[in-house]
Amino acid sequence: MKYPPVHYHDYLGIEKILDAQHPVSVKYGKPAHDELLFIVVHQAYELWFKQILFELDSVLATFQKPKVAEEEMGQATSRLERIVAIQKLIMGQIDVLETMTPLDFLDFRDMLYPASGFQSFQWRLIETKLGLRIGDRLAYNQAPFWKSLTEEQQNKMLGVLDQPSLFDSLEKWLERTPFLQGENFNFWDSYKQAVNKMFTEDIATVKANANIPAEEKAKTIEGLEKSLQSFDALFNEEAFNKLRAEGQFRLSYKAMHAALLIQLYRDQPILQTPFRIIRALLDIDENMTNWRYRHAMMAMRMLGNKIGTGGSSGHQYLAAATAKHKIFSDFFNLTTFFIPRSQIPALPKSISDRMSFHYE
Amino acid sequence: MKYPPVHYHDYLGIEKILDAQHPVSVKYGKPAHDELLFIVVHQAYELWFKQILFELDSVLATFQKPKVAEEEMGQATSRLERIVAIQKLIMGQIDVLETMTPLDFLDFRDMLYPASGFQSFQWRLIETKLGLRIGDRLAYNQAPFWKSLTEEQQNKMLGVLDQPSLFDSLEKWLERTPFLQGENFNFWDSYKQAVNKMFTEDIATVKANANIPAEEKAKTIEGLEKSLQSFDALFNEEAFNKLRAEGQFRLSYKAMHAALLIQLYRDQPILQTPFRIIRALLDIDENMTNWRYRHAMMAMRMLGNKIGTGGSSGHQYLAAATAKHKIFSDFFNLTTFFIPRSQIPALPKSISDRMSFHYE
Amino acid sequence: MKYPPVHYHDYLGIEKILDAQHPVSVKYGKPAHDELLFIVVHQAYELWFKQILFELDSVLATFQKPKVAEEEMGQATSRLERIVAIQKLIMGQIDVLETMTPLDFLDFRDMLYPASGFQSFQWRLIETKLGLRIGDRLAYNQAPFWKSLTEEQQNKMLGVLDQPSLFDSLEKWLERTPFLQGENFNFWDSYKQAVNKMFTEDIATVKANANIPAEEKAKTIEGLEKSLQSFDALFNEEAFNKLRAEGQFRLSYKAMHAALLIQLYRDQPILQTPFRIIRALLDIDENMTNWRYRHAMMAMRMLGNKIGTGGSSGHQYLAAATAKHKIFSDFFNLTTFFIPRSQIPALPKSISDRMSFHYE
Amino acid sequence: MKYPPVHYHDYLGIEKILDAQHPVSVKYGKPAHDELLFIVVHQAYELWFKQILFELDSVLATFQKPKVAEEEMGQATSRLERIVAIQKLIMGQIDVLETMTPLDFLDFRDMLYPASGFQSFQWRLIETKLGLRIGDRLAYNQAPFWKSLTEEQQNKMLGVLDQPSLFDSLEKWLERTPFLQGENFNFWDSYKQAVNKMFTEDIATVKANANIPAEEKAKTIEGLEKSLQSFDALFNEEAFNKLRAEGQFRLSYKAMHAALLIQLYRDQPILQTPFRIIRALLDIDENMTNWRYRHAMMAMRMLGNKIGTGGSSGHQYLAAATAKHKIFSDFFNLTTFFIPRSQIPALPKSISDRMSFHYE
């Protein structure tokens, strides 16, 4: 009673929403039954993309601050997890779209030229806000990214590119992670020791094993030595930066270290929420990849080897983008630097104490 | 090139779709973050409801004809199955809405009064077009159904009620099913004999079994006799009509018979598609029921024992409607009249021949 | 190389797993194609129930300790969330089982008597370990719960009942929540004031509104006064205990208060994980409820009005159990005591400080 | 009462099923909590693979007959659709497995060597029964396919390879499709005319359009001419066979024609079920592809760049297999030969009559 009465129908803008479907096949007097489905699926995508962008913006606002407020972290996590939930939902929209057969699609496919299902501007904004850079993008149908946008869209995209992405803000936030060094404790020294110890023992075990044929033994030892060497990237900043320059890593040396710390000691109360944030970002990235792939398979089924509605071999583009448009690959690759929990150095009490609550 | 170029953004009315979210909390200067999610979820529902109505209308157009065209049957089946696919999708929207916590909802709940999440006019149209009659509806919050609609909606609803529903058209179509009687064959006579034989044998088996204690034996025999009696409704039109008048059945005697025939002999080529149609209707009805129930549980979680945003104890209403708003209950109850396949009378060749193709 | 080589096939006990399907219809020489599906679905359920029990046991081990270790909380949360993920998965098994039609089921239904799909002992263990008491259970088919178990099962169940359930342990843990009282701060006094202030203002607003007809105004004011009164249960321990004795609440007064505190101040770092735990329990309970309901609907479709394979009207039992077997209803009802975030009293700095990390 | 009583627990072999989980980490005294999940997920997969094989065998039995019985077609379709439903379900098992983090996996990963998640023999049987030939398989970790199997498995696989696969049987069945030629009607002549007419008109339209710049016009015309030429493979058996020899097609010329006919005239009653069968096979193939891809992404997340538990770069293998192990690619590519429904030649009445029912 404090507010004027609200009517469901008006409040939700139902009229507007339900008046936005205008099949071209109807316009040209050749109504194709399945065109409405095509329109509705894409409109539903756009509604959800708007929601994803909204959540992303609020998470960005939290992480772009020079000091991230602790009381906003839980909320930011929940909002990233909501994005994951939305992604799972819209994955299912492909199942519905696939109730349209290629023959049904053919009834109106020509009328859509040169539009295509891969031109959502909001989708590209999502990618950009997460951290996909222009240079990371595959050329689409030989056309540079910018030419595919309207002038208004270009301006909006420029504005977004001007701001730190979630990748950028997260990197800064990770770099600020404390705990990497204490009075009498240097985490990386102990971790390096643990890694060396583990591999040295493994190599010794193999050498001592009389049951392994000589050739296989040599090969196994070589493999273990290579694995050990790969840790150089973790312990040697110069080596890391060289690989980073070659594109093998994107995160800074310091941020990689922090991310590893969070993963290994996630059970410490203070690292729980950071751990959940990294996990949500892995989920988001993986879901985008899976969605692109499923979309590519659907496009192939719908179009065969024909060129896509946008004039490109749509499914080939999507399949290629699938692999290349990943944003948080570093978090996926980080796994390579994990060692079994039993070998991870214990934290000194002075440090683990600071990672917990003290309310008494 | 035959058609003027189309632009993704314009074609899909993206501007209109993305400009239809107007949170009241923003209007009142108290922006509640989760209100956008609330709006988007409901708008996505309405988009999909429009699609369901569109499919339903096309199926109705097929079945409302005095003679249903054989070449439209496959298409009608696919469209009903598409409705099933959409229902499975939008069931998942509840998972997304539940990422909003009750406390987040409270930030804008009062501002929505007296709107509520159960006022979708399209949802009611779907129910009506499927065959839900006004008298079948639960009063919502003590208010008669009509008063909850605007005048425009009332007129639209009256128009729909004026047309045969899918239930009505299907009943007529079922009543026209041939095969129930051949020259020297009356299906119901043989089915009755099979039923009697089965029960007589079952009763004899129980009687002859020395291992069953007397009391249990008596109870079991009584149960079997009752089951046999329940078949009266199937074999005796008068008995059936009495039960129908009491509300136990809605379909006509003839339509029930045809539906049973389709279920029992579904492997006959000519009954394959009718079988799939009945199955799709069972799916649609069951999904609506499940959706109402999940919605009721979500409402309970969101509101506790508080009254719903529409001023009603929303979740109680939904839970009650769940059971009562079923439309094709007859198809669910039909199962009671099934007997095991090994006991079903074989069709005379003269009849089974007419149920198959003859293209050579 | 540190461990003897493992073979996929042996490691996973594939032989054992794939040798455990013995359709009775085959045994009786009347092979029913769909019986294998029936068996496989139920076996897959049991596998997942074992996993759920395993996760539950590990969470119980954490919460049954007199002082819950902070470093185990994140893990306990993840394991509860894993249970939620498993529940979502197995909900989908109903979709697969429903590809079996009632007629197919009839081919072997009689041979299963008196077994039924609702007799999983592991399912009952899950319910018990979560906190369902014997007295909370609906009688199944007029049979008391105990008689439906074998002696071995009875002993196992007694052992489980002898241990604190998750409900019990959680209640104790909640009761130990600090922060409810500080030096110069009593949370419940300030919350009571906030509640009173809110309702008083609301009532005044309604009274002052000249646009509301007298009768409606009276009714609205009465409603608000009733709502205010319902808070007595929250602020008055005696009133609460009276309602608790009547079965309206199950949690203790103190535990209810702690749960409310967690919900209202979940953004405080220290309450993040507790908040997630309560949310996971709400999810688990709701999923069990939804699963029971979907199962009931499936049973109805499969059996019509016939008695269930276990000799009961299975779907009626399941539908009834749906409502009654909820365990954490208190968390659902708690919502009733929420007030909008803008009205929630701010925590004194001395308290909010203790709710955060201090690592510098 | 006709059969001896059955007990749920015994009937389902629960004891056996629940006694088949033996974590190696427990055996070595270093219990890793998440190993049970790893085992249970894979066992659930194997249960479902057994079910898929069972359905597949029954469909194979139907299609391997020299004349496929019309009354078995509906059933075969439903069983293929059941496989699709199972695939959708088990896709969700990846979501559950992903609740295990890479660090948790590391606790027991080494103990599994050299087993890996890609060694399911049943999965390979499914692929083989569907029609994947040995030569189509990617070498896994440089090892030839046969060496990865035990002797018993090799024998079983040889037996399966000795029988016609579903691909083979389906090809034969397609080749027997009637209707391709009538007294005064040759379908392929009319289809060729329709195709030519369509492209000729399209080219003329482009040529006549003064608004298209010269260069673009030339390019478009060239594209249309190329598309027209691609139809040679459809109309010229020699051209087709040349491409087939190069691996572009696998189905015979005759079978391709029949499949196209089924797709284009699916609304004819007699083609409804064949159409559904092709659609189910497309679904099965696409789901296997999507499953392999999701599995590859999960492996990458779990292992980073480390070698897979089976000693291979598991995710690279899976990602590669994804593309290469498709079986019914021809059905996907067929789309290329579709023309819009409005241009498809109408069937002569003498033919369409034979495609329908005549029960009166």
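Should a chain be cited, it is by its letter among A, B, C and D, assigned in written order, with residues numbered from 1 in that chain.
The rule is short, and it goes like this: a residue touches a chain if its C-beta (ideal position, glycine included) is under 8 Å from a C-beta of that chain, and two chains touch if they have at least 3 such contacts.
All of these numbers come straight from a predicted model, not from anything done at the bench.
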item	value
Chain separated most widely from subunit D, comparing mean CA positions	C
Repeated interface matching A-D, over half of the contact pairs identical, chosen among A-B, B-C or B-D	B-C
Rounded Å distance, subunit C centre to subunit D centre (Cα mean)	40
Separation of mean Cα positions, subunit C and subunit A [Å, integer]	32
For subunit D, residues contacting two or more additional chains	1-2, 88, 95, 110, 266
Residues of subunit C defined as touching subunit B within the complex	30, 88, 95, 101-103, 106-107, 109-110, 223, 227, 230, 263-264, 266, 279, 282, 286, 289-290, 293-294, 297-298, 300-307, 332-342
In the complex with subunit B, residue positions of subunit D that touch it	1-2, 70-75, 178-179, 202, 205-206, 209, 212, 220, 266-270, 272-273, 275, 354-360
Subunit C to subunit D touching residues, read off their complex	1-3, 5-9, 11-14, 16-22, 24, 28, 33, 36-37, 39-40, 42-44, 46-48, 50-51, 54, 58, 78, 81-82, 85-86, 88-89, 92-93, 95-96, 99, 110-116, 119-122, 150
